[in-house]
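Multiple structures are listed underneath, in structure tokens.
Look at the two complexes coming up: chain A is in both, with chain B in one and chain C in the other.
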Partner chain A sequence: MSTLTLRQAPPERLDFLTINPLALSRLSKAEAERLPVGTSRRGVSLGECFSVALDGSDTLTIEGGLERLDRVGAALSEGEIRVAGDVGQRLGEGMAGGTITVTGHAGPYAGAGATGGVITIEGDAGDHAGGAVYAARAGLDGATLIVRGAAGAHCGDRMRRGTLVVGRAGVYAGARMIAGTLAALEVGDDAGYGMRRGTLLVGRHGRLSPTFVETGAHDLVYLRLLARHLRVLSAEHAALLERPLRRYSGDLATIAKGEIWVAA
Partner chain B sequence: MSDLTLNGIRVIDTFAEAFDVAGTAIVVTNDTAKWAMIAATTMTGFATSVIGCGAEAGIDAVLSPDETPDGRPGVRILLFGFEPNGLKDQLVKRVGQCILTCPGTACYAGVDGPNKIKLGGAIRYFGDGFAVAKRMPDATGRERRYWRIPVMDGEFLCEDSVRAVEGAVGGGNLLFLGRTHAETLRVAEVAVEAAAAVPGAILPFPGGIVRSGSKVGGRTKGMMASTNDAYCPTLKGRAGSALPPECGVVLEIVIDALTSQGVSDSMRAGLHAATEIGGRHGLIAVTAGNYGGNLGRHHYHLRDLIARDGGAEA
Partner chain C sequence: MPAWVKGDATDADTAIAAAAALLAAARAPVIAGLSAEVAAIRAAYDLAGRIGASVDTAGAAGTYAELGALSRAGALTTTPAETVGRADAVLVVGETPWRDPLLKRLAGTKPVRGRAAAADRTLLALGGAASGAALACPADQGLPQALALLRAHVRGHLAGASAVADLAARLAAGRYVALLYDPAELGAPGVEMLQGLAIDLNDATRAFALALSGPGQDRAVVPVSAWTTGQAPRVGFGRRVPEHDPWRFDAARQAESGEADAALWLASVPVAAPGWLARVPSVALLGEPAADAAQVVIQVGRPGRDLGGVLWHEARAALTYRPASGPADLPSAASVLARLGERLAASRSVPAC
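Showing the complex of A and B:
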């Protein structure tokens, strides 16, 4: 297991796009320490902030994560990244495979555009978790994003595929959703606002947009498959499906092929 | 040709001639085992012979809830056709008319294989644009795609595509030469039970048994197949009859399987089961049907099946 251990707080935000197990496995310790991770003209290198221990394995541990580490695990295709601490924005952005685990909190846009792999945030996530970055076509796009704590507003905004499991989500959860599945124990107002397709499963919710219509209670085979899937990710969320469920169809302001399942 | 003996019953030293076919398997589930079986029985109806029915189909296994993707009782169905396109056509028609229509039923791929057949992806058009697709990993973590098609009892859930296997074989067979109809039928029933118990093998004829074995062509112009006159007891004594004087009835079982080994295992099981009780039920001999060995690539020699283990096809 390769390890990066924080030596001193970085003087600026750091961009970890190029720091992943596969890239580091090809480098010597000296080469890795020279990798540029700064975001200003100062030219901060990895070795300035982290002590580097490499063993060529497909697992990378970052000890002493902090909210200034942006794009941790972005574009990851294989291997595992484990962060002890917090991370900044765009955790796992565009990742295609592998796993990322963050023991602390994550900034905004975690999992944006991620097409594969599993991201787990043990703490909270910022706004737009699993959401689309500005001008992007899609948010979460096939990966699995698990936020054990709370996520901010616009969680799963324009998500297109994949599964997003979150403890509590703020307003506009699943807004403009293209497709995919979002399960939350609680969501704020206007969940699913403007969603085209996709499934929201929620325990409690705030105000629902009037463009959602209740279709009643249904015992669908799909829910059995969803329960099996969620049991692997979060027993608490899978338990929502054991409660009586009401289904809302919408958003009728769009093509209305989405749904919100509300557990009683 | 020297004859063989198994459990005191004469076994003709010949072979069953079988053919390469396109084969697939699906799993249908329902809230109750009863309705899963109704769906499966309906879908596998009128599927005894590829020539006349377009497909050969049968029930391979009854599945318990922990063996199915959605945790409900289920049935595994095998379907065989001459070639992949014909198989696809039959599969979509039969699922569309018999599984989609059956209350509570869902449909999943039942076998892995190299050739993809679009199933839910074709039937979704019944949903008139209201159907939605969902991707989800199965119990093994493999991503699967399902269509949720709105219907009047809720939704029909159908896997987007199923797989056709390479190496499926159709036409394995055994012929039982008996004295009376009732006793020979009993022998054939026992053989069917044993042969059908082999996983991945089905016997598509009524109860697994066919009484109208056929030969290629006929005296009437244009007939693709006609009665196997050599084995008709009312034609005994004529030139070409293969029946001994004491034979009063011949019944045949026909076997299709996803693999050649499945046909071989199934024929072996049927042969042994039939001969074990055959002595008490007037069984005279067991033989197999072939076309001289020139039409089918797979030859299952009864000589090889007499041993309990080993010997696959020649």
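Showing the complex of A and C:
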């Protein structure tokens, strides 16, 4: 297990796009320490902020993460990254495979455009968790994103594929969703605003847009399959499906093939 | 050249030296505001590229609401002149557009060109104070929500006797529909919904959106930034290449998080200075100077008044040269930025780009 241990808080935001187990396995300790990770005009190298211990394995542990660590695990294709602490924006952006675990909180745009793999955030996530970054075609795009704590506004914005499991989400959860599944114990106002297709499963919700219409109670085989799928990720969310469910269809402002399941 | 350092009047050289020292000492300087003529906006991007600063604008909230929706859903847009000449149904969304001078022109004229020529013009309102509107539909839950409900009616997914159903019918019956809005008031989800509404209306008639974003110069910054960096305005040059990141290079966020440690505020066209400016060591180039606006304040010529300059012309929806109405002996913001750049290049603390 390779380990990066924080020595001192960096004076600027760091970009960890190039720091992953596969890239580090090809480098010597000295080479890794020289990797530029700064983003300002002065810049810093990995070795200035972290002490580096490499063993060539496919597991990387970052001890002492912090809010300024951007793009941790971005474009990850294999292996495992574990962060003890917080991370900044774009955790696992565009990742295609592997696993990322963060024990603290994450900044905005966690899991944006991720097509495969599993991201777990044990604390809270910022705005746009599983949402699309500026000008991107889609948010979460096939990967699995789990936020144990609360997520901010626009969680799952423009998500296209995959599963997003979140404790509490803010306003506009699942807004402009293209497809995919978002399960939350609680969401704020305007869940599913402008959604085209896709499924929201919620325990409690804020104000629901009048462009969603109730379509009654259903007992579908699909829901039992979803429960089995969710149980692996979070028993609490799977339990929502054991309660009586009301289904809302929408957003009627669009093609209206989306649905919100509300557990009673 | 009137200039102030820490509130005390001083000469130009002292002020530029103080400004250069302040910027040279910074790790992550920010050049913000950019409420200025095109030459000054160009000079600001040039300076940012030379010193590795990031750039943000005064009206970024509205600009990014607009650009975000444009990049994802596209846009059907028109100009003020076309709206006056052709529109027989004008939907005013929200409060802010009612304060725009265009509304007076629309209320006092009829369309003269195109398929609705000589027809009466109807002003319709969604939310907002609508004294001159033929039909006003409330937006109690918010403008994006009201737009969604309206769009659901236009699509035929919802029906019934209600104000919003009437409004949908009026829009569908229009021969040339203009949707007026302020992007900052509407936000990105609302703008995208409004553009979707325009697209849906175009199944049966003509409909276009017209953003009224007020007197700021963000509309000039967007093309300058695009032709200079290939990106939208919020660009950072810390790594020697223009990186676009609307979240990371939000100047207010950078100031609050302590990442930005110096700022240059450019407002040769007056605009309210943000609160965060007081929290970082700052230089201000102002068309309407206030000695205490920043640690170093330099008065520059106001384009269109003290000197000529290319500005965004709201009514023409184009970049237009404005000659000086009363020429004054003040330096242009572009020349001050160039002198700052030369001064910084001469000091060795800043790496050359």
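We take it that the second predicted complex is superposed on the first by the 264 of 264 C-alpha atoms of A that agree within 3 Å, B and C clash if a C-alpha of one lies under 4 Å from a C-alpha of the other, contacts with A are read in each partner's own complex, and residues count from 1 in each chain.
We adopt the following convention: a contact is a pair of C-beta atoms (placed from the backbone, for glycine too) under 8 Å apart; a residue touches a chain by one contact, two chains touch by 3 or more.
These figures come from a predicted structure and were not determined experimentally.
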Clash or fit (per the criteria above) of chain B with chain C on chain A: fit
First (chain B), second (chain C), both or neither touched by A:Thr5: neither
Comparison of chain B and chain C by chain A residues contacted: C
Partner chain in contact with A:Tyr172 - chain B first, chain C second, else both or neither: second
Which superposed partner A:Arg197 touches (first chain B, second chain C, both, neither): first
First, second, both or neither for A:Arg161, with chain B first and chain C second: first
First (chain B), second (chain C), both or neither touched by A:His218: first
First (chain B), second (chain C), both or neither touched by A:Ser25: neither
Cα-centre angle that chain B and chain C span when viewed from chain A, reported as a multiple of 10 degrees: 130
Partner chain(s) touched by A:Ser51 [first = chain B, second = chain C, both, neither]: neither
Superposition-derived minimum Cα distance between chain C and chain B (Å): 14
Chain C-contacting residues of chain A that also contact chain B: none
Sites on chain B touched by chain A in the complex: 29, 69-72, 106, 130, 132-137, 139, 146, 148, 154-155, 157
Chain B-facing residues of chain A, complex: 142, 161, 179, 181, 197, 199, 218-222, 224-226, 228-229, 232, 257
Chain A contact footprint on chain C (complex, rising order): 27-28, 51-53, 64, 67-68, 71-72, 141, 144-145, 147-149, 151-152, 155, 157-158, 189, 192-193, 196, 232, 236-239, 244-248, 257, 259, 350-351
Footprint of chain C on chain A - complex, ascending: 11-13, 38-43, 67-68, 70, 89, 108-109, 132, 134-135, 137, 158, 172, 175-176, 190, 193-194, 207, 209-211, 251-254, 256
